[in-house]
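Structures given as structure tokens follow.
Two complexes, one shared chain (chain A), two partners (chain B, chain C).
So, the complex of A and B:
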């Protein structure tokens, strides 16, 4: 049904809500896009690591409460990602990128089944920590405290990540690697270690997105498969391999989804794909895509 | 050349296994299989049963996906009924065996599982289902294959209206009944003028919305907006912000399962409860236990474990005795347990009355049959649409400060007798009610 009631508070409310939806996609997409840019790996395990992040809340919540999950989940799953890269993915680098894609796709299916075996098929509804439950009055409109926290927390984290990539030697090397991997290798940098660390960072970010999303969406087995599609759309819109591309792409998708519900809710499922098609028509490499990547 | 290649291939295949090895291995496998079959034979129930082969019930439930919690409860209710009857010596002296198949809210899978149960397992009867789209698909297949299908859970009106069949019976209250009860309570108590819907985009959600509108229009309440959301939607934030902008008196959640859990939680998360009343045609403990402290809204229910009739409390105690040990401490029976239990009971009683498992006599034994639905007034299976006519409950979802068990999740506000809230024949016909097929067609 088409309905238009675009008062200023509603517009601002939907905009902020779009940011909240988008920042989680940004966290997911950054890991995905950097792994893709540096390692040429189309990583389908990204979604299940996000799911495992959410399940870490299910398991840990009764022992530790919510806050420690924000640290424990990403660290454990970051290490898990590093192990995955070092043992299973590394032997396939010399082969066609299709092979690593098939490997990660298979792993994703297996891990999702493993999740069902461990935690069962039913969904676990989770709640935001007490300090962040309820609403905050922003004068113009009221908003969910927890979602505002997600926006601020993610913004802080992204700033830290940006500093890491811009100001630290390792970060710079990773970023340089996404532009010109051969050159990084030629300079004698231990590329295997760099790959493992990158995979670890990407996995930790995905797990963090899972932890953050658990109180909003609940925790259920196919959650990783559900989100991975949106993440690839964000990466394609933002441009493969680009940090800022992932940020802009994620926020754009969040805001567009939020507004499409407001204006024409029946379109909200397909609108991101229309957006993707439009971006690809105008800028085939996405908004900030790196030249030469998978081309 | 070709023959040469084939020979080489055969040689390669045979190389891995000598004739002796082959004989030894196949011998071991055969011995293992026959031992397994022997133990199956010794354990087989027909050895124990007196009056013939077991009566096979094919039970289809969503045991995964957004409705998994409800599916589990329905299955447990059915198991309890089966066990009670088996303890009494079965039905007509025959043991009851149930085969449960998982069909997670997907009509295609529902049909596949139905065909498997009918053709491969040779079940005598079909029961279960929860998602209305699956129910309708199973009902079509059951009618085609001349099998009696007793639907536990489907609440979509069309299951016993536009798409009714002689072979389908529905235990739960249809949306029309639930919404009439909820609508009349809301209309009388809150006098709303406007309603906004968030509707699961399939048959149950659609009829939930139209039923709520029909019931509330009698009190001058008008729809001012509706969003269809796909089954399995996790985030309703944008819909809720939109609804708040339109300032309705009521927000109707025509979603079930984990969709409803998320919607109700987010209703609180975004602070809508301050200005808008939440309501919906259907809820229950499988949802509100997940919503927890954010529990809210006025809903329709077919049963609740706090119903104070001795029969309901007896069922609750039996369910507790059978299942509570494997559940969390706050566990209590849900209306889905009731649906599974009462349906299987009704089916077995009908078989006992008909003295056969043949289709037509069992259908005739059910039609028009009056029985104790464990609630306040007697229940019956209505002749013209096979709907279970029963008391419908209006209840408020809550999470009291002294919350102890899931029994605390709903406070019963009132209940109405089924005949008052169900569509009568004229209304049913006007909505395109499908006359049940003649019996001859099933011969």
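So, the complex of A and C:
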């Protein structure tokens, strides 16, 4: 059952597999955690938007090939997220944040069934684009070209996001809002617009993760529900509302999942939750959780 | 509205509960008229017990748990496993199942009760999902994805005569006994000092703290009691189906109980019962016509949140 007999290439392979999964989790978790910090709601639609991102590849692949999906999917679904926020979610801001959260839960139920109605129950196997199919020889071990691409692409995007949050006025305002929303409102910044934009960015990132993951995991209706659970764990481990928390948490969860499949596959799904419980016991706010946020 | 003296209110409450019990007692006879069957009636009552307990947490204490199905499923699985492997009589199995389910709620509660609001909600989902994965992966004990089959529902010896639960109608009245107990206990809890403290925490947690209540301890008790209700419902559900499967612990199932309590009316005695009945009935009714019932349940839920957040019972109460 438990095998600890790992060779060096296996270790390196699982480590990189873990990073590939991890960076995708980071992309998703950042959207989730920023919405959480700024708007104080769990956005349950995050998972189904990820699934819609993957399905955009299914639909567009025959017309455009893989690459344009990386642009079209996130833009369309980012706008979709902004639309949801502006029409259905905004009227609830004056109420308990709980209602907003439950609304997104209802939406997630609806959208998941909508996916089944449109694309059917069966899974679509997707393959990596031709330019990135196959493996690359890294001398000491070999690795999938496509997964390496995911790691590099996501790392680049995360760097850009970091600059956005650190160097641009809007990014800084969003980040400031997660620390002290009242102060941001008091400074006369239109918070509703900020919410819409944040929702849009989060949705676009989730959709992008869906597009990127489609060739690896295939495309199937409950895929959003599956991944959002990992994202919750990432956000809890990393710490609520924290950019770096999401990065560290995502990579950690990715690597742990990847190795636990190799070492103790029967219980691989359970191990990340044990990791989460341990982190909570040692650091109740998560690894990079911010004091006073959501407490 | 004229304020009635408290004693008289209480008499009214008992009258309402008596009417409720009478309706539920007659329910297996009524339900065929609206296209139902005894099995559906059983399910409605089981989920009413589940929702009653859940509402103590969300409606009266103001804490959202999105992982209550974990204790429901944990108790159901434990009952089944104990009965099958140790050949215990079902009542003893039920008791053990409820104990294990409660223990689960105690452990998770102790670990996360310090957190509030959505942080708490997210943790309940995550821990709930841990139990889900254990149920779906620990194949040798739980049967894995195939589920746990062969859970007994047989005869309870009562000295003079035996209560045969194999028959759906007689099992309905077995569940009904627990339903009466659950409703009375819930009523007693919300009318007691304990219930008043919970409501204070819901309205203003800081004030409750300042007045000198150990808020964290009260919240933990509320969480555990809610877990006990879920566990009781879970064991009944396991006996009802004679089968448990991982999806009974899933967070979507936890979400369903949130829907039930909200559609019925949060923070009221009768709302969650009504909501559990209506939502269970609708799910059954819609799934008869289309396999996309989740879409319609989601839509109904959204309509309630947007336009009727006080639920059916809350709406009726305000109209009067």
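To be clear about the criterion, the second predicted complex is superposed on the first by the 295 of 295 C-alpha atoms of A that agree within 3 Å, B and C clash if a C-alpha of one lies under 4 Å from a C-alpha of the other, contacts with A are read in each partner's own complex, and residues count from 1 in each chain.
The working rule: contacts are C-beta pairs under 8 Å (C-beta built on N, C-alpha and C of every residue); 3 or more make two chains touch, one makes a residue touch a chain.
Owing to the predicted nature of the structure, the values given are computational and were not obtained by experimental measurement.
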In the superposed model on chain A, is it clash or fit for chain B and chain C? fit
Check whether A:266 is in contact with chain B, with chain C, with both or with neither, and answer first, second, both or neither. both
Applying the document's definition of touch, where does A:281 land relative to chain B and chain C: first, second, both, or neither? second
Check the residue A:40 against both partner chains and state whether it touches chain B (first), chain C (second), both, or neither. second
First, second, both or neither for A:125, with chain B first and chain C second: first
Quick one: is A:68 in contact with chain B, with chain C, with both, or with neither? Answer first, second, both or neither. neither
Touching partner for A:156 - first (chain B), second (chain C), both, neither: neither
Examine A:116 and indicate which partner it touches, taking first as chain B and second as chain C; both and neither are also allowed. both
Just chain B (first), just chain C (second), both, or neither: which does A:229 touch? second
Just to confirm the value: shortest Cα separation between chain B and chain C in the superposed three-chain model, in whole Å. 5
Intersection of chain A interface sets (partners chain B, chain C): 116, 266, 269
Residue positions on chain C within touch of chain A in the complex are 64, 111-112, 114-119, 121-123, 125-127, 129-130, 133-134, 136-139, 251-252, 255, 258-259, 262, 291-292, 294-295, 297-299, 301-302, 305-306, 309
For chain A, which residues count as touching chain B in their complex? 1, 3, 5, 7, 9-10, 13-14, 17-18, 20-21, 116, 121-125, 127-128, 133-135, 142-144, 146-147, 216-218, 220-221, 223, 226, 257-259, 261-262, 265-266, 268-269
In their shared complex, at which residues does chain A touch chain C? 36, 40-42, 88, 91-92, 95, 97-99, 101-103, 105-110, 112-114, 116-117, 225, 229, 232-233, 235-236, 240, 266-267, 269-270, 273-274, 276-277, 280-281, 284, 294-295
Touching chain A in the complex, chain B uses residues 63-66, 68-69, 72, 104, 225-230, 232, 234-235, 237-239, 241-242, 244-246, 258, 261-262, 265-266, 268-271, 290-294
